Amino acid sequence: MESRARVLIDCKDAKGLVYQISKVFYDRNLNIDSNREFVDKENGRFFMRTVVSGKFDPDELDAALKEVAPTDAHIRVVTPKEKKIVILATKESHALGDILIRNAAGELGASIECVIANHETLRDLVERFDIPFIHISAEGMEREEHEAKVMAEIDSHTFDYIVLAKYMRILTPAFVSSYAEKIINIHHSFLPAFIGANPYKQAYERGVKIIGATAHFVTDDLDEGPIIAQDVIPVNHRFDWKDMQRAGRDVEKTVLSRALDLVLHDRVFINGNKTIVF
Amino acid sequence: MESRARVLIDCKDAKGLVYQISKVFYDRNLNIDSNREFVDKENGRFFMRTVVSGKFDPDELDAALKEVAPTDAHIRVVTPKEKKIVILATKESHALGDILIRNAAGELGASIECVIANHETLRDLVERFDIPFIHISAEGMEREEHEAKVMAEIDSHTFDYIVLAKYMRILTPAFVSSYAEKIINIHHSFLPAFIGANPYKQAYERGVKIIGATAHFVTDDLDEGPIIAQDVIPVNHRFDWKDMQRAGRDVEKTVLSRALDLVLHDRVFINGNKTIVF
Amino acid sequence: MESRARVLIDCKDAKGLVYQISKVFYDRNLNIDSNREFVDKENGRFFMRTVVSGKFDPDELDAALKEVAPTDAHIRVVTPKEKKIVILATKESHALGDILIRNAAGELGASIECVIANHETLRDLVERFDIPFIHISAEGMEREEHEAKVMAEIDSHTFDYIVLAKYMRILTPAFVSSYAEKIINIHHSFLPAFIGANPYKQAYERGVKIIGATAHFVTDDLDEGPIIAQDVIPVNHRFDWKDMQRAGRDVEKTVLSRALDLVLHDRVFINGNKTIVF
Amino acid sequence: MESRARVLIDCKDAKGLVYQISKVFYDRNLNIDSNREFVDKENGRFFMRTVVSGKFDPDELDAALKEVAPTDAHIRVVTPKEKKIVILATKESHALGDILIRNAAGELGASIECVIANHETLRDLVERFDIPFIHISAEGMEREEHEAKVMAEIDSHTFDYIVLAKYMRILTPAFVSSYAEKIINIHHSFLPAFIGANPYKQAYERGVKIIGATAHFVTDDLDEGPIIAQDVIPVNHRFDWKDMQRAGRDVEKTVLSRALDLVLHDRVFINGNKTIVF
């Protein structure tokens, strides 16, 4: 039976890699439906994403690729199946709502396992879509205590990614390192401008003429980590910071959904503090 | 004889200003060809730019407006005449070249008095356009000594604005305060991201997906000051910092020329650390 | 009691209009919170949108403005109250979904009276938001017969605007003229490029590098009429027309929601086949 | 001695092409510095652009690639040398000026053989850059007679591409077919909107909110042909068509220069009426 897989390879650069890898596909009589490579010359890293189709055993293909790739290679043969996500949110509905609508339309290509929020505000919206909503209040708790509860809830699910859809809590390093390369955040500024609290107010006070949003993997703290997607919109002197915030919401939700779409289709490699987006 | 003027008013906000000012125009039987107002409610400031046409004496009009406006009002009745600019540059030709070409085509609406540079590199380009090129080397000099020579040269000209077309020297506070609200700079980043040296390298290292440029008035130091115009372009993982620099040049020159066009047409008010752009 | 109103004036241009109108406000001791004017010199039309606050009787204010404005003047004193909309849709959920989410978040500033669709597809989505969904099938009917049913349903509601959120039916001139200046459509191309059926397929076949969307008032036929808002996104040779369609959805929904926001805040004047957007 | 080449392959798609081609590189111990492929599935065409470095004989490499590629393959092994261009212009200086400035800065990566114009207007500008300016008036001549003179002048030069930098003459099919796939034009609209004369006036009359420019290869007539690059800028109701034209110039020159840069770096394949841009 014909099937299709995304082959993702990330390894030390070496001469002949394209040849060796394409030989593996050729020897198995596979079609290359699309293929993109990138060599990070600065760090000597090779990245390749190939969509192949034909008759193949994913495990055998994986093993064959391991044979020809450098020993450090990170190889994934991903056969198409729905990925699973857990969403963390607070009170704002625009980014979450956009994901829910896309999901309801079958456009997301992922299953939403649950939405966890530190306020009750979004329950009604989430439950309208028959998705479990779990409220874990942070009221009167230390950060660590609250996070432990959130992590317990997260860990009770099977998931590929955690999406912070305007989750307005600072995460501890312990939380972040528990889910390395799995947390995707939308930051409401054109990073690295306006790191920290209330970027729209900062943008207003600086008198910028363009505002933006940044979707990124979360590493040490909320506002760093490899950037996946960014976009901007023009503003002008008539915008107060509330207007900027309102205008920014459309960019935030578009950028987060675009980043999610890229990640869920295995189009994003993490390369140190950067991403390769094919 | 019919003539036309740009009337610019900047004052404390007060009830009835539009009425009082438009009465002045009405009483003189002037046409309002265009009119824009803005009230900065946070600081209680009123800004108005009106283009009027008809028969009038600019001095009389100015006096009449002063009568109705609050005592702190900054009023200008600008009749159309070419403004004069002095350009400072270093070695890069793209921003300067764009201004020279626009000027040669009669599009700039300004006369370029001279180009002053701390290197000889751009002499040939500038002299092709029959514009005086003055080389003031900074070689083996203290910053203050070099600046004194540059200021002496600048002060030997009549000018409305000083344009820093990729002038890669840090200005002293003394220099900046000598030409308050008269210096326009192009910064090669989407401010306030990547303040300081080599923003493209910083942008590359941060792995951003969009780069930009910012034209601004120079106040205390090179990278602060009221922003006039900004724009961006997308980049991706295939861009090294040299590619970003190359790509950024088009944005830099477009943004600087746009800002210059706005300023030379008296469309920009400075409002604290921000601008009002009509 | 203090209140606030949007004053909208659209009339033949005449000398002294700003003065006469601002005098009306001044005489009633009203604050001008914001004010924008535009004169269409080609056609000699004057447009003004002023937000005033203070103590006033809207009817008296309206009468006073009528006294000073030219006899043809179209004057509206709009006091803030929620507008009402009726939405027409077919099968696609993205544009409709975006409106529903904004509405659920209280961002729309309008009440959705009902959604009328010629298919059942969207019932589940709409009813999740407790909004009446009315299915009026066009199956086996002449266009006129179907439209008569739709119009009967529409007319059973009180509404300010009809929003075509990807309503994929061609409207008859009779329908359009019944709701003059009240129908807002989103067209899935950067009009006037790709008028007619399947613009994404047309765009793909032409090999364009940018695709877009256009929100406009509907006049004679679906793809003409005054444009309210447009936006674009880049595409490339890797996009087939289905990819363009997918990518285009984000632009479509953003542009429709932006246009709706402008119209619902009384920021849009129709001026012949164009709009003035303040 | 180490050298570098761009290898461009365009052929019927077939299984194993990437393998066969990369084997040719591998067998010669060449580095793949960058590599991009695209398969047009609709038409069964394969496109590949690879930058290789190492020790090789371009002719031998070309012959080896011909051996493994399908018989219809169009293969080019391009070693870096400056390309040559001939520019045609009329009276407008912005697009031409941008190319001249880039060229003077060594950024163009091409040699400008001459500028041919049907008016004298641009002579001064061109000669400032020591580039031959040839005026061929069309005054009192049939189109064919004028074109014959222009072609005679063009043919007296060695060149890779003819650049129409706002050349406002309609070309005959005979002219176009003489220089197939060699003529690059900048059209002052977001094609296919506003084909034909005075697109800015058309845009103004249609009341669009965005205007654009399109760089494309010229095939049968001026406004068709494979699109290389497009870009847009926002406009609003305050722009008359002259304002749109002025604003459009920046987009025109940026888009033309970007297209030229792509073509001169061998990044553009023509694929029927479309382009593949790597």
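The letters A, B, C and D name the chains in turn, as written, and every chain counts its residues from 1.
The definition used in the following text is that a residue touches a chain if its C-beta (ideal position, glycine included) is under 8 Å from a C-beta of that chain, and two chains touch if they have at least 3 such contacts.
Just so it is clear, the structure is predicted and the values come from calculations on it, not from any experiment.
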{"item": "Taking each chain's C-alpha mean as its centre, the one farthest from chain C", "value": "D"}
{"item": "Shared interface numbering between chain D and chain C [over half = same, under half = different]", "value": "same"}
{"item": "Intercentroid distance (Cα basis), chain D paired with chain A, Å", "value": "37"}
{"item": "Inter-chain centre distance, chain A versus chain B - centres from mean C-alpha coordinates, in Å", "value": "41"}
{"item": "In chain A, residues with contacts to at least two other chains", "value": "34, 238"}
{"item": "Chain C to chain A touching residues, read off their complex", "value": "34, 93-94, 97-98, 100-102, 104-105, 107, 124-125, 128-129, 238, 246, 250, 254, 257-258"}
{"item": "Parts of chain B lying in touch with chain A, wherever the complex brings them together", "value": "38, 40, 42, 190-194, 205-210, 212, 226-232, 236-238, 240, 271, 273-277"}
{"item": "Sites on chain A touched by chain D in the complex", "value": "15-16, 18-19, 22-23, 25-26, 29, 31-37, 39, 234"}
